[in-house]
Amino acid sequence: MDWLFFGEISLAGLAMGGLYGLIGLGFVIIYKATRVINFAIGEIMMFAAYLFLAFAGGMEMSPWVALPLAVLGGSVLGGVIEKVMIRPMLGESSISVVMVTIGLASILVGLVELGWGADPQLLPEFLPRKPVFLGELYLAPKIAYGFLIGATLLLVYLLYFRFSRGGVALRATASDQAAAYSMGINVRRVFNLAWVFGSLAASLAGVLVAATGGLSPQFGAVGLSVLVVVIVGGLDSILGALIAGLFIGWLETVAGAYLGGQYRMPATFAVLAVILVLRPYGLFGTHEIERV
Amino acid sequence: MFKRFLTRGLRLAGIGSVAAALMTAAPVLAQDKEPIVFGGSIPLSGVFAFAGVHIHAGLTDYTNWINSQGGINGHPVRYVMEDTGYEVDRSVAAFKKITGSNRVPVYYGDSTGFMKTIASELNSRGTTLMSGASFATALTDNQTYPYQFIPGPNYTQMFGIILEYIAMQGQEGDKPTVAFVYSDTEFGKDPIENGKAKAAEMGIKVVEEIVTKPGSVDVSAEVLKLRRARPDYVVFHGYILSPINEFMVQMRQMGLDTQFMGTFWSSDKLIIDRMGADADGYMGVMPYNYYDSAEGGPMLEALRSQAQKSDPDAGYRPTAYMQGWFNAMVWTEVVKRTLDAGKELTGDNLAASLASIQDWDTGGIIGVPVTVRDMSFPVGRIWRVNAKEASYEPVSDWIHLN
Amino acid sequence: MRIGDAKQSYEADEAIWTSSTQKFWFAVFLLVLAVFPFVADAYLLYIGCLVGIAVISTTGLNILTGFTGLISLGQAGFMGVGGYTVAWFSLHTALPFPLTLLLAGLLTAAVGILVGLPSLRVKGLYLAIATLAASVFLHFIFAEWQAVTGGMGGLSLPPAHLFGLTFQSDFEMYFIIVPLAVVMVLAAKNVFRTRTGRAFIAIRDRDISAEILGINLLRYKLMSFALSSFYAGVAGGLFAYFYRVVTPESFPLSLSIFYLAAVIVGGMGNLLGGILGAAFMTLIPEMLNLLTATLTPFYPNAPVFMSPMLGIIFGALIVGFLIFEPNGLGEIWQRVRRFFRLWPFRN
Amino acid sequence: MILECDLTTTQAVGSDVGAASGKTEHNKNILEIHNLSLSFGGVTALRDVSFRVPEQGITTVIGPNGAGKTSMFNCISGFYQPQQGSIHYQGKPLTGVKPPARAALGLARTFQNIALFRGMTVLDNIKLGAHVHMKSGLLASLAYFGPARREEMAVRREVERHIIDFLEIDHIRRQPVASLPYGLQKRVELARALAMRPKVLMLDEPVAGMNREEKEDMARFILDIREEWDVTILMVEHDMAMVMDISDHIAVLNFGQVIAEGLPADVQNNAEVIEAYLGTRDMDSLRHKLNPESEVA
């Protein structure tokens, strides 16, 4: 066995997994606060990446201006989605709400095709091209720097949720909606904030992923991998999303490298199936007690 | 971006206005003869739309041109199409609708899936000859698909042309090595088995074989595999753009001097437009001359002037446009031969006319006279990207497989 | 309340059509279905067959998702199992189509039971994701099990046959698809007149209480999966006979979402709604094409700008129905009927 | 006819508690709970609970909110698995018997927060109760005509004659349950439990949230059911007036433990019970006790 090769593959996988963790975080924030499973997260990522393309490519802004703008655009989109589509569904069955997000995904794809056409696109380069070596291990620069940017946002998020007022409100709402409400927390605002923050994480990840792999209206399919991540980690566990993100990213890449690209999805979905049978609420998720 | 969006809209408006004009223009040209209908399931939307709009433009412009030349033996040509979204069931619906209300001797199919699906219906009708966007190897099987042909080499033949080119580049006794990178789709897997057999036959070693999803995927791990296999040539198949760019950029970052090549749909100018300087040196196999190539010929000139006339702002026309035009050219030739022989326009007669094509001069669309073999045109040429000129330049002679 | 609909017997009271007016209109409907292929052109006939297949599949998904409350993203995969089963038996045996379709249904039901097994432990969205995993695995099998499925290239199969007759054209296939659709919808209707159907609905409404009231959850959830996949398998089998080609790309995830959308737009837990939803969703692209054709003379690049609209309309329908009309077309239909029953005395 | 008979019973019970309960005290116990303990995580819901349910009687479990009464029911239904102890039904342990099987054995119940199936009509809800006594499988259901229809019609006849008429709900049988007022919903739930042909009918707060008239109706139905259906009734109820009126046997739960068990009169005078109810620990039940009419769901 070529351990150097294995090391490099693993590193590439983990770097990608870091981005999965970031998207997973966006997913979990929304789920924790609002109990909505957002099947459109891949399309929100895509939308932000197209915004970046518009700002940095079409309008020829500096990528470092375009990136925050695109991410901001993605978060605004999240907030609008919550207001327009999710809020009217309060109290409906979770199946219905999920279907709303599936419908939303289709709408976003249509809008993107309308605005940018169906052609495949490449984002303007904004990450350094110099190869990155960790000891002897080679790592593609895009994913290395992508990982760093993603990890930074992740850190900021974790600190924010730990210490800020908004973070506390979010956590309180997540743990007990009724109690949070009675404590004077504006639960509706928190719902909206959760969508904004969740979409923000997804948007940044979207731009970074599109920067490495390219962009097209089919980009949203990456959401499937994220779904695996959050189910394996546990829908309501931030830690779970991060660990599962790294693991799934690694597994996908290793399976792809050693077995072939057609094994990437089956490999991760096999893990998903095992988790569903053994620990349906995920590795780190909370098991809810049912009552009659 | 808004500017580009706008120009794109205008360009498309141009295509459309021609299509509309055609409805009214055709009867004027009619010389009291029954029009000949070119039918088409065209993917104006969906994953293949980037090509579909240009295929549509190519077919439209050709129709206008041939009508300006007096049609086919005095029969005016009418092009009737419907958007399919690149979905098989909608393509079939379009076929039924168009063939239901017209007599359609020739038809454009938008995907291999559609071509295979419609085959049984086509065979039992025996009225229509079909070609289209697909270069699938399977369609050259005349037993199963007697009424379908390929407007160029099939994918296996494209691999053959590429491998012949590669073999020619080897120093004496020292054959280059090659790696195949293809997408996990029907399209992607089409020529791989045959390609490996052909390589083995020619003594070219396939040192690595990589399957990926098409489109936006992270390929860092696959690049690492190629880094170890160190092929002299990497042949891409089953992609439009991504992840070809990422393979090329990352492998060059590693300091590898691998030569990258691709088949028809991976050899559009889109690659240069999107990748810029990174595309330099990329090679593709192409059966038609590029719109902006230095080559000439009466038909190529006609194409250029017609394209210019229909949309003066469009400038360069992509390979999909050439492909659409060439399809219509072959249809015209086949219909003409059948009419000249005094035969009815049936599937069998049209197929026989197609099979009779030998050393046909395409007027510069293809640089050499072509001969139909097994319902395909097994000819092509290797082109290389000159990023500075933003164009493909020929690096080989025309290779005509036997 | 209608006059004179008091019933003499419980049998009459529990019939599907409780008034002679209803019976009359159903007879008219059947007559229209029977006459349709003789008057329709090739295009309409093709669309008619497509709607028939969609009705069967939507009814199956409605049983599982609409009536039993188990959301499934695996419908396309299940249809694929049915399609490949029919293709394989047609290529390797001389079985006539009723048998191959039955085998397709049964094999798919077996796969459905297997996929449904986690349903006791996992619920709601987790189950949806389990079915998603199933569809990923099924797609992988279709693409990779070369010897049986023909790999990515798929399988081409001979036409359906029975007693020496072959069913090849759309006209001939219509007489397999549509009667089968009618029978299968009626059979589903029957299920919901009996204890089995009540158990499904009870599980959807309150699964824990249902269990305490004597309903074996696993048994009935699996039964619902089996029944639903049987319908999907038959629909997939018809799909195979209809197109005579099956490839892994014939059954993409988007098809599963299409059927879910048909169930939602039609009305979850409403069989009639499901039929309306299936027809409506199948016809949308065609209606859009029609609109595009109408617009093109005035607005020449209509095709290019109208095409992405399909995705937007598709999504907007899902979202719009869920928010504004959660009971779907079925409910709208009821309203229209009520209106006409009372008209002109009330408006 | 029914009306007459139950009014007299109520009065009799009301005036002389001892006489009403006396006749059932010798009967053997249909349900015996032995040393039952149940906890969720660190929270103990039931601690070493034992009591018995005499056959053919009306046994009521009372106790303040959160005393573990509903948990008790859930253990008997088989929905919760107690960590310790056993439940004997007709002399046999129920350990390991799944909820649906318990229903088939004759353990029927209603729920504290009405658990009707909102997507079904009243009639279908009631018929669902007969589920365990029906046999049609999937194939018979698909075909309908034949065994399935025969069975459905038999159940329909039974439900119409013995339950819908009896509980006076014929006028609503076609209505979806969601549209019914609270009191009627409770009655439909009772009807559904009766369709299960119970041997033990477990009623979880059957009159909670009802007005006086509805409560009286419900009490009358309960007594009639006991008389006409040969059923043992096990009930959880807060309404002390009604409990004392119709119960033959009472068990008092507090903080997951049985603190008293016996005839209504005995329990009423038990010091610990008075402490539990009148002590300041549970304002809620005190309010119920002092002013039972004001209770709202």
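Which chain is which? They are A, B, C and D, in the order written, and residues in each are numbered from 1.
By our rule, a contact is a pair of C-beta atoms (placed from the backbone, for glycine too) under 8 Å apart; a residue touches a chain by one contact, two chains touch by 3 or more.
What you see is a predicted model, and the numbers here were worked out from it, not measured in a lab.
The most distant chain from chain A, with centres taken as the mean of CA atoms, is D.
If each chain is reduced to the average of its C-alpha atoms, the one that sits nearest the average of all protein C-alpha atoms is C. A separation of 76 Å divides the Cα centre of chain B from that of chain D. Taking the mean of the C-alpha atoms as each chain's centre, chain C and chain D sit 42 Å apart.
If each chain is reduced to the centroid of its CA atoms, chain A and chain C end up 33 Å from each other. Centres computed as Cα averages put chain A at a distance of 38 Å from chain B. Residue positions 79, 111, 115 of chain D each touch two or more of the other chains. For chain B, residues that reach two or more other chains under the stated contact definition are 45-46, 49, 184.
Residue positions of chain A touching 2 or more other chains, listed in rising order: 113, 118, 262, 292. Within the complex, the chain C residues that touch chain D are 10-11, 14, 187-188, 190-191, 193-199, 201-202, 204-206, 208-217, 223, 226-227, 269. Across the interface of their complex, chain C is touched by residues 9, 12-13, 15-17, 19-20, 23, 44-46, 49, 53, 56, 82-83, 85, 88-90, 92-94, 96-97, 99-101, 113, 116-117, 119-121, 124, 138, 144, 184-186, 188-190 of chain B. Taken together, the chain D residues at the contact with chain C in this complex read 77-79, 98-100, 102-104, 108-109, 111, 115, 117-120, 124, 127-132, 134, 136-138, 140-144, 148-149, 151-153, 156-157, 160, 192, 196. Of all residues in chain C, only 65, 69, 71, 118, 121-122, 124-126, 128-130, 132-133, 136-137, 140, 143-144, 208-209, 212, 257, 260-261, 264, 305, 307-319, 322-323, 326 touch chain A in the complex they form.
The part of chain A that touches chain B in the complex is made up of residues 2, 5, 8-9, 12-13, 15-16, 53-55, 57-59, 113, 115-122, 129-131, 138-141, 143, 209-210, 212-219, 221-222, 253-254, 256-257, 260-262, 264.
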